[in-house]
Amino acid sequence: MSAEWTALPRELLVVEGARQIRDGDLVIVGTGLPLLAATLAQRTHAPEAKLVIESGVMFPKVVPTPVSVVDPRLMRGAARHGSLFEALGGLVQRGLVRTGFLGGAQVDEYANINSTWVPRPDGSRVRLPGSGGANDIASHCRQVVILTDHEKRRFPARCDYVTSPGFLGGPGERAKAGLGPLRVKVVTDLCVMEAEDSALTVTALMPGASVTDVLDNTGFTPKFRDSLEIVVPPDPDDLRLLREEIDPACVYFPERKGR
Amino acid sequence: MHKLLTAAEAVARHVPAGAVVGMGGQNINRCPMALVHEVIRQGIGGLTVVGCNLSLPLDMLVAAGLVARTEQGTGNLERYGTLFAWRRAVERGEVGAGDHSHLAMATRFAAGAVGVPFLPTRSLLGTDLLADLVSDGVAVESADPWTGRPVVLLRAMTPDVAIIHANRADLAGNVVIEGVTSHEVDMVRAARATIVSAEEVLPAGAFADRPERVTIPEAYVTAVVHQPFGAFPTSVYRAYDFAEPEIKEYQALGRAGDAELREWIGANLGASFDDYLRARDPAGTLRAGLTEQMGRLV
Amino acid sequence: MSAEWTALPRELLVVEGARQIRDGDLVIVGTGLPLLAATLAQRTHAPEAKLVIESGVMFPKVVPTPVSVVDPRLMRGAARHGSLFEALGGLVQRGLVRTGFLGGAQVDEYANINSTWVPRPDGSRVRLPGSGGANDIASHCRQVVILTDHEKRRFPARCDYVTSPGFLGGPGERAKAGLGPLRVKVVTDLCVMEAEDSALTVTALMPGASVTDVLDNTGFTPKFRDSLEIVVPPDPDDLRLLREEIDPACVYFPERKGR
Amino acid sequence: MHKLLTAAEAVARHVPAGAVVGMGGQNINRCPMALVHEVIRQGIGGLTVVGCNLSLPLDMLVAAGLVARTEQGTGNLERYGTLFAWRRAVERGEVGAGDHSHLAMATRFAAGAVGVPFLPTRSLLGTDLLADLVSDGVAVESADPWTGRPVVLLRAMTPDVAIIHANRADLAGNVVIEGVTSHEVDMVRAARATIVSAEEVLPAGAFADRPERVTIPEAYVTAVVHQPFGAFPTSVYRAYDFAEPEIKEYQALGRAGDAELREWIGANLGASFDDYLRARDPAGTLRAGLTEQMGRLV
């Protein structure tokens, strides 16, 4: 494979994210890499996957490259322009959206997410944007996918604040709190981690990444699946699609600009 | 009985100091900038600002020193960064922030919209978000009486006044919004008064041939303000795109500090929103470009 | 006044009903005499009164003569065509509708209404249509107006079934049940009765009706206000409006047909 | 993936015996007559029929012996009288009737529509209606945790299948309804499956230029059936008025007795709804008149 068609680390994140979407799924996404992943899935193996946007957009045909959940580029050709309550209540809480993509400043061992505040070394707090629809998505979707850079501070043993529920304090706690079952997949530039009523377990490594890389950059000690897989790089067609049609202006890939 | 007022009149009459203000718009779309500028011009302070995503208009109000508290799902501008004035004010403890999920805020507005004291949600369970809402006195953990399963009751949110910007209104106060409506319809129905600024104001009854297309009926609207480009630099679906350079400039100043933002506010707001538009875009070329750009996207 | 412009008993009901509407009121009505009353009010002293129809029609300009709450004649020129939940939740329960017009098979001494079932002499039950929006209107409006024929069976001491709340068992019970304050006005072909956290009290007689007529045709013994008024007949202009413009085809006045 | 089926296919697939059927329409407007005829043709029985106002289609199902129970706000045809078959069946104890206020039913559908187990209302308080709903197990008296004031919790209503008739649908299942929507939107969102018959069926994406005008998005629609005059003899706003003589004839038979209604059903339903329309209105003059009449009213 020529270097030209080798995926950059963050491109691989998007490609692996896209693979989490089944054909026919309803998928709730914001903007950024998750939206690129969902659009890529629609353009490849999941043409019948449908996007839901929390602002009230249902099933749009995305025009490159939206930067906001109310960007007109994310509203074209939709089945419905409705409300937050319709999207997050009528679809997500109603149980019709299988997969949600989330981000966050912290993801802990039990896949809980913090997007509210994090402490500074001096003990004061850095105020973050807050939940948005993230808590709702983590509460009601059947599957949550998190695409993130793999940094130690992003993966503490325990979030300083739980904005969105993973498996809370451990196995059984989600059900005890009254939440439905969930499957979490965290895709980073180093590995893929999965959890289902359990702690996050590394199930695959990104090409070139090692177990040591993962251990060095994670704030807890994750389990590793016995037979670790290596994430399969995208074929050139998919990468071309991502680069030339889905984010042609490199809005979310500044590292690709001018290459 | 027509409801047309100037922004100055509408804000003076319906936005008292200390009010709970329901903020329309979301992120970079249809924020009621003209009405918010007027609140700043009149220096109406001690406000509690509530909404789902609070963005540019909140940050400006905070920078102007007019906000005591927010209740919100998020405070940010997505790709254009956090709300710097709000973040600093919250971190310094000058502005209290009541964190919700977006569905939780939408649920609280929906309760107010239909006159019930609370509505349930199955969001929030098990999180610190819930614990904080419970200690703020706006959420109660409860159980479904039929299954015993946990459920959260959220107290109705009924703003003193809601301010929104729309595509069109008639003089009686019927409102048509194009594109998504975020949390706005229920927020308006829950509010004690509502000011709507609109790109276009039409004679009363202008929408009566297709009443199912009216987004908000006149029963909920107190005042109508005519303000073309009243959401600038945010977008109005099918009318104009958002003005990225303006938002980036504001965010760069926000990153620099509160003084820089206050200076920008002092230098740019002028005596009216039309003054402001002329100051930012004297020949109207920026606005014409945004209109053209939206035309290509819809 | 010529006989031609003397109101028939049921016309007087409509006229007196119209008088209960203040200019600027939001008024919820069904069809029949209440709708005629509300339309008459709009055409006379209350041009800014606005109609709400439970089916979701807000503020229509009525075309003669609707026979259903979803009749297209009741939907023209409206501010909004919405839903039952919008009309009964968003306006009525929300507290924005001051006046509601109701009917019912029984109205008791405390202005409770039964529209669910009544007993036959043999003890079996006659099934009636049910509440519809009536319970909601009686629960949330500030004023309820009932236009009805005055028959003994319609005015029992106590309803066999309370579908819609008046003052329940007596003073204070409405507040105890969690309901807001209410004023009730019952307009019949014999009299006007009023109640506010009290039993129904006769406050006015229809022209030509006597106290004895009322007592003979009421299943309980109503109080009478010390200074009984006589309902003022409509002026000919209003009657002409009702007959020629509001119900020109005598849909709700078969007794006027062919006169 | 288009969702177009014949009425016969859609009903056979999605309306099992014993189902809880959410009934669209109200009084003399937009009742799903074509779909109900098909349920009768297929003799699908033991149904629980739920809605706000139940009218002609319920009465026909009862007359055909297919209904075990109803949950409703009203059962009547307003000026055209009560539902005679339903009334008799309820009085004889053959059909159970769960009485609600219209807002109570709408509230139960609204709970199902957003995936919560119940919603509160301040209706019903103090009445026998509430006492019966409590003993039926669908209402619970509770208190507002903030004020202690009484409030009623109503259990979510989630029909197995909703059947409605609409002005237009596209092949993907997006639906446009003109005029009022009564309880239908929330009922459909709450239902496990929905069949929509429509006057007009358009290619998928036909409404995508104005998505805010879509009444019900495809996410909730299981099957689309194309049936012009599918609500006859009830009306479809902006398409045709209701057929008063047909409704009066049905009601006269209903007043006469169940046998008379069953005979009418046997004699008139035919093998398809188009058969029935041809039987009642061979030259189409009645329908043309109703269309013309609606044209004068809108």
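Residue numbering begins at 1 within each chain, and the chains themselves are lettered A, B, C and D in the order written.
To be clear about the criterion, a contact is a pair of C-beta atoms (placed from the backbone, for glycine too) under 8 Å apart; a residue touches a chain by one contact, two chains touch by 3 or more.
This structure is a prediction, so every number in the text was calculated from the model and none was measured.
Taking each chain's centre as the mean of its C-alpha atoms, the one that lies farthest from the centre of chain D is A. Taking each chain's centre as the average of its CA atoms, chain A and chain B sit 28 Å apart.
Computed from the mean C-alpha positions, the centre of chain B lies at a distance of 38 Å from the centre of chain D. Averaged Cα coordinates give chain A a centre that lies 58 Å from the centre of chain C. Contact with two or more other chains is made by residues 115-116, 121-122, 149, 151, 178-181, 212 of chain D.
In chain A, the residues that reach two or more other chains under the touch definition are 57, 75, 81-82, 85, 89, 93, 140. Of all possible chain pairs, those that touch are A-B, A-D, B-C, B-D, C-D. Chain C meets chain B in the complex at residues 26, 48, 50, 57-59, 61, 75-82, 85, 89-91, 93-96, 140. Every residue of chain B that touches chain A in the complex is listed here, in rising order: 26-30, 52-53, 72-80, 82, 86-87, 90-91, 97, 99-107, 109-110, 121-129, 149-151, 178-186, 235, 237, 241-242, 294, 297-298. Within the complex, the chain B residues that touch chain C are 1, 113-116, 172, 174, 189, 205, 207-208, 211-212, 214, 217-219.
Within the complex formed with chain B, the chain A residues making contact are 30-32, 53-57, 63, 67-73, 75-76, 81-85, 88-89, 92-93, 112, 116, 124-136, 139-140, 161-165, 168, 173-174, 177-179, 251. Listing the residues of chain D that touch chain B in their complex gives 115-122, 137, 140, 142, 144-147, 149, 151, 153, 155, 177-181, 212-213, 215.
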